[in-house]
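Written out below as C-alpha cells is the structure these notes cover.
For clarity, chains are labelled A, B and C in written order, and residue numbers in each chain start from 1.
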Amino acid sequence: MVPILETKNLTMDFGGLRAVDNINFHINEGEIVALIGPNGAGKTTFFNCITGVYKPTGGDIFIAPDGTHSERINGLKPNIVTEKGLARTFQNIRLFQNMTVLENVMIGRHCRLSAGILGAILRTKATLAEEKKVVDDSYEILEEIGLTKFANEFAKNLPYGAQRRLEIARAMATDPFLLLLDEPAAGMNPQETKELDEMILHIRKNKKISILLIEHDMSLVMSVSEKIFVVDYGKLIAEGTPDEIKKNPEVIKAYLGDETDA
Amino acid sequence: MDLSYFFELFLGGMTRGSIYALIALGYTMVYGIIKLINFAHGEIYMIGAFTALIISSVLGFTGMNSILILVISGVLAIFFSSAYGVTMEKIAYKPLREAPRLSALISAIGMSMFLQNYVLLAQTPDFLPFPTLIPDFKFLKPIEKILNSTQLVILVTTAVVMILLTILIKFTRTGKAMRATSQDAKMAQLLGININRVITITFIIGSATAAIGGVLISSHTGQLNYYIGFIAGIKAFVAAVLGGIGSIPGAVLGSFVLGWTESFGTGYISSDYEDVFAFIFLLVILIFRPSGILGRSQNDKV
Amino acid sequence: MSNLVKYFSLKEIKKSLVITLWFMVLTFPIMVIKVNTIENTVIWRWGYLAIIAIGSFILSTLWRYMMERKSLQAGKESKISLQQKLREMGEKNPRLKRGALAAVVVLVVAYPFATSMYQTGIMTTALMYVVLGLGLNIVVGLGGLLHLGYAAFYAVGAYTYALLHVHFGIGFWVSLPIGAGLATILGILLAIPVLRLRGDYLAIVTLGFGEIVRIILENWNDFSYGPSGIANIPRPTLFGIHFKLQQATIFIYFIMVALVVFTIFIVRRLENSRMGRTWIAMREDEIASQSMGIDITKTKVTTFAIGAFWAGMIGVVFAAKTTFINPASFTLWESIIILCIVVIGGMGSIFGVVVGAGILILLPEYLRAFSQYRMLLFGAILVLMMVFRPGGIVTNVRKVYRIDKEKTGEAE
C-alpha cells in the first residue's frame, strides 16, 4: 500500500517568507489525520498547495486514489485536483452566498456530471435524468449532514455552524477519496463541535472517505484523529499518535510560545 | 531620420506623459487605499479644467494680470476639484465599502455619467476655447518648434508636484498613515489610524493633482468640453496599470511610457489609431505582466 | 414613515443646512456662472443657486433617512421580491395566471395594429434592448463579469449583415445566424486574453476592446466605409416577399417578439442548467468554484460567448430596422445603457431585464421633455441603486427544487 496522499519536501515561498518549509507528510487510506500548529504556521498554505490554489515553489505532491498507483499532482489546477478526488473546505467560509443550500451542494456534484449546452436547451432525456439525479443526490447529502430544513434557503442566511457544515456537504458532493477540512469547528459551540465529531467519524465509516483535518480544538483533534502532524513556522516539528504528541516537548514548547491557539 | 522631429515627438510624449501622470496619481492612490477603480476620476480632472475656465473668464473682465489670473483660477480649480472628489466619495463609495466590488464599480460608472452630463447641461456641449494664460518665454524662441512655453510649464509643474508628493508620503505622519492603510486597512484601523480621514485626504490629493493636470492640458490644447475627462481618465488609468496600480512611482513611469508610445506611434505610424495604442498596450501588459512594471505580483490570500 | 418626523428636530435641520451650504459652494461655479469664451459673455444664474439650496436640503434629509432605514434592515431578509410575489400569485391561482398570460399575448399581437407606425418602431427598439439586456445579463448578472464593451458584438452583427449584403447580396435571414455566430466567435476571442484578469481590470479591458472595435470601424474605410457608414440595407423579407415600409415595420416588430420569446426560452433553460449554475458560482466566488471542480476558464469563455451571441443577433435586426448603420451607433454609451438595463432592472433576473428595458427605453421616449436629462438620471440612478437596492428593481429569486420524498426528486 502506498499512502493516498504524500508530500515530499513541499515548500511554498511568498517573496521572502517561507510559509511551508520542506514538509514530508503522508496519509493512508481510511485514516483520519490532524494537522495542528499555531496561527500562521502555514497549515492553510499547505492545503492551498495540495489543492492547487497555490503552485508550490518546491517539492512534490503525490496521490494514489486506489492505494497502489501514485501520481504527481504539483501545479494542477484546483478543479483538476478536485476531479481527481481531493475536496476541501475553507477556513474563512467561502460558500456561494446567493445560491440556495441545495444549489451549493449541486455545484459540488458538477464535476461528476456531463450535461452540455445542447442538452440543457433541448432538455434531452439524458439531461433531465441527470438533473433529477443531481437533485436527489444532493438532497441525500443534505440529509446526511442534517441540513435538509435549509435546502431552499440562501446560503448567506444560514446560522454560522450550519454554514460550516454546508462547506463539508459541498465538498463531499464531489465524491472525494480524501476530504481536507480547514478548521471546521472554528466558531462552533461545544454542542455543535460534538456533533461535528460524530459527523467526521460517520463520513469516514459510511462513505469510506479519509480525512485530513486542520483544527485548533484539541479535544476534537485528540478524539477523532489517529495521527497528528504538528507544524510551526512552516516546518514539521512532530508527528505521531495523539498520545505521543501530547507528551512531545517540541510541541509543548511551540504551543507555550503561542498559548492562545492551543 | 529627422532629429528635430524625433525630439519634438519625444518632448510631446513627455508632456502627454506628465498630464497622464497627474491624473494617474489619483487612480493609483485611491486604488491603493480602497481598492476601487474610481471611474469618475477623469471627471474630476474635467471639472478642474472647467472651473479654471469659468474663473479665468470672469477675472478676465477685470483686466487683471494674466499670471495672477492663472494662479487664482488654478488654486480655485484645485479647491473645487478636491471638493467634488470628497463629496463623490461620501455619496457613491463610502456606503459601498463592504459591498461587492462589482457594486462599487457600477456606482463609479454612474458617478462618471452623472458628472459629465451635469457639466454638459449646466454649461455647454460645445468645445470652448481656453484662454492663453501662460506667457511666451523669450528664451524658448529658438527651439519653439520642439518645446514651447506651455510644455515647459507642464514639465516643471509635474516635476514639482511629484517631488512634493514624494515628500508628503515618505516623511509626514499623514503619508505614513496612508502607506499603512494601503498595506492593510483593517490592521491600520486597529492601530488607531483614522481610515475615513486617510481616505478623504487621498481623494483631496488625487483630485488636486488631477485639477492641476486639467488646467495645464487645457492651456496646452487651448480648448475643452465636458468630455475631455473621459478619454484622458481612461488613458491615465491605463498608465497606472502599466506602472503597477497602487504604486506611485509606477504611475509616473507608466504615464511617461504611455505618453511616448502614443507620441511616437502617432508620429511615425498613424494618427488615426491614436487611442488604440493605449488599449493594445494595456492588453499586452495585463496578459504578460498583470502586476505592471513596478507592481509586486501577488497571490490572493485564500 | 413616522420616524421621518425626527428629521425635523433642530439638530437634524442644522445638519441638513450645513450640507446645503456645502452643495451651494460646491456647485457655484458650474451652476451659477455660465461662460462662453467664443462670444466672451458671462451669464450669472442666481436662480439656480436657490434650486440647488432647496434641492440639497430635501435630498440630504431624505438621504439620511434612507441610510438609516438601510442600516436597520441590514441582515433582515424581509424584502420579498416582486418576482416571488407574482410567482406565488400565479401558483395559488392558475386561472389568473393563464388569464394574465392570454391578455399579454393579445396585447402584444394587437399592439402594432392598434397604434401608429412610430409607436411600433419604439416598441421594437424596446424589445431589441430586452434581448441585448438578457444577453449582457448572462455576463454581468449571472457571471459577475463587468463587461463594458458589449456594443462591439452588437456592431459585429450589424456590420455582418450590412457587408454581406453589400458584397454578396446576402439577405436578412441568412445573415441573422451568421451575425450571431461571428459575434460568438469574437466573444470567445475576447475571453481568452482576459481570462486571468480580476473584475476591475476586466471592466477596463472590455471597455478598451469596445473602443478598439469602434475606432477600427471608423478608420478602416476600405472595409467598413468609415464614419459615413453603410446605407440602403434592405429590410427583412418573408419568403422573398418585399414589404412596404409600414408592413415592414410591423413585420420587424413581430420578428422581435419572436426573438424575445426565443431568447427568454433559451436563457431560462440555460440559467437553471448545469452550465448556468457554474456561471452563478463563478460570480459568487471564483476560487471556491474552482475548488469545487469548476473549470473557470471554460465558464468564462461560455459566458462571454453566449452573451455575445444575442448582441450579434440583435445587431443584424438593428441594421435591417434602420437600413443605415455607422460606427456612431456602437459607442461606449450604448454598452453602458445596456448595462443600466441589467443593473436597474435587477442583475441576474430575466423579468428584471424586461422591466429594466421597458423603463429605460420607453420612459425617455414618452417623457420627451426629460430626454436631455436621460443620461444624468441614469447615472444618478446607478449610484442610488447600488447604495440602496443593489439587487435592482426586481431582485432575483433562485429556483426552488421540490423534493418529493415518495417518488424522490421531482424537480420543478
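Details
The criterion applied here is as follows: a contact is a pair of C-beta atoms (placed from the backbone, for glycine too) under 8 Å apart; a residue touches a chain by one contact, two chains touch by 3 or more.
Note that the coordinates shown come from a computational prediction; the quantities given were computed from them, not determined experimentally.
Judged by contacting C-beta pairs, the busier of the interfaces B-C and A-C is B-C. Chain centres here are C-alpha means, and the one lying farthest from chain B is A.
In whole angstrom, the spacing between the mean C-alpha positions of chain A and chain B is 47. The distance from the centre of chain B to the centre of chain C, with each centre set as the mean of the Cα atoms, comes to 30 Å. The geometric centre of chain A is 41 Å away from that of chain C, both derived from CA atoms.
Touching of two or more other chains is recorded for residues 302 of chain B. Among all residues of chain C, those that touch two or more other chains are 287. Shared interface positions of chain A, i.e. residues touching 2 or more other chains, are given as 53, 90. Chain A makes touch with chain C in their complex at residues 51, 53, 77-79, 82-83, 87-88, 90, 94-100, 102-103, 106-108, 110-111, 113, 115-117, 119-121, 123, 127, 130-136, 139, 151-152, 154, 157, 170-171, 174. Chain B makes touch with chain C in their complex at residues 36-37, 47, 50-51, 53-55, 57-58, 61, 76, 80, 83-84, 87, 91-92, 95-96, 99-107, 109-119, 121-124, 128-131, 234, 237-238, 241, 272-273, 275-276, 278-280, 282-283, 286-287, 290, 300, 302. On the chain A side of its complex with chain B, the touching residues are 14-15, 44, 48, 53-54, 90. Listing the residues of chain C that touch chain B in their complex gives 22-23, 25-26, 29-31, 33-38, 40, 42, 48, 67, 70, 140, 144, 146, 148, 193-194, 196-197, 199-201, 203-205, 207-209, 211-212, 215-216, 219, 287, 336, 339, 343, 372-373, 375-376, 378-383, 385-387, 390. Note for the complex: chain C touches chain A at residues 77, 266, 269-270, 273-278, 280-281, 284-285, 287-296, 302, 306, 398, 400-401, 403, 408-411.
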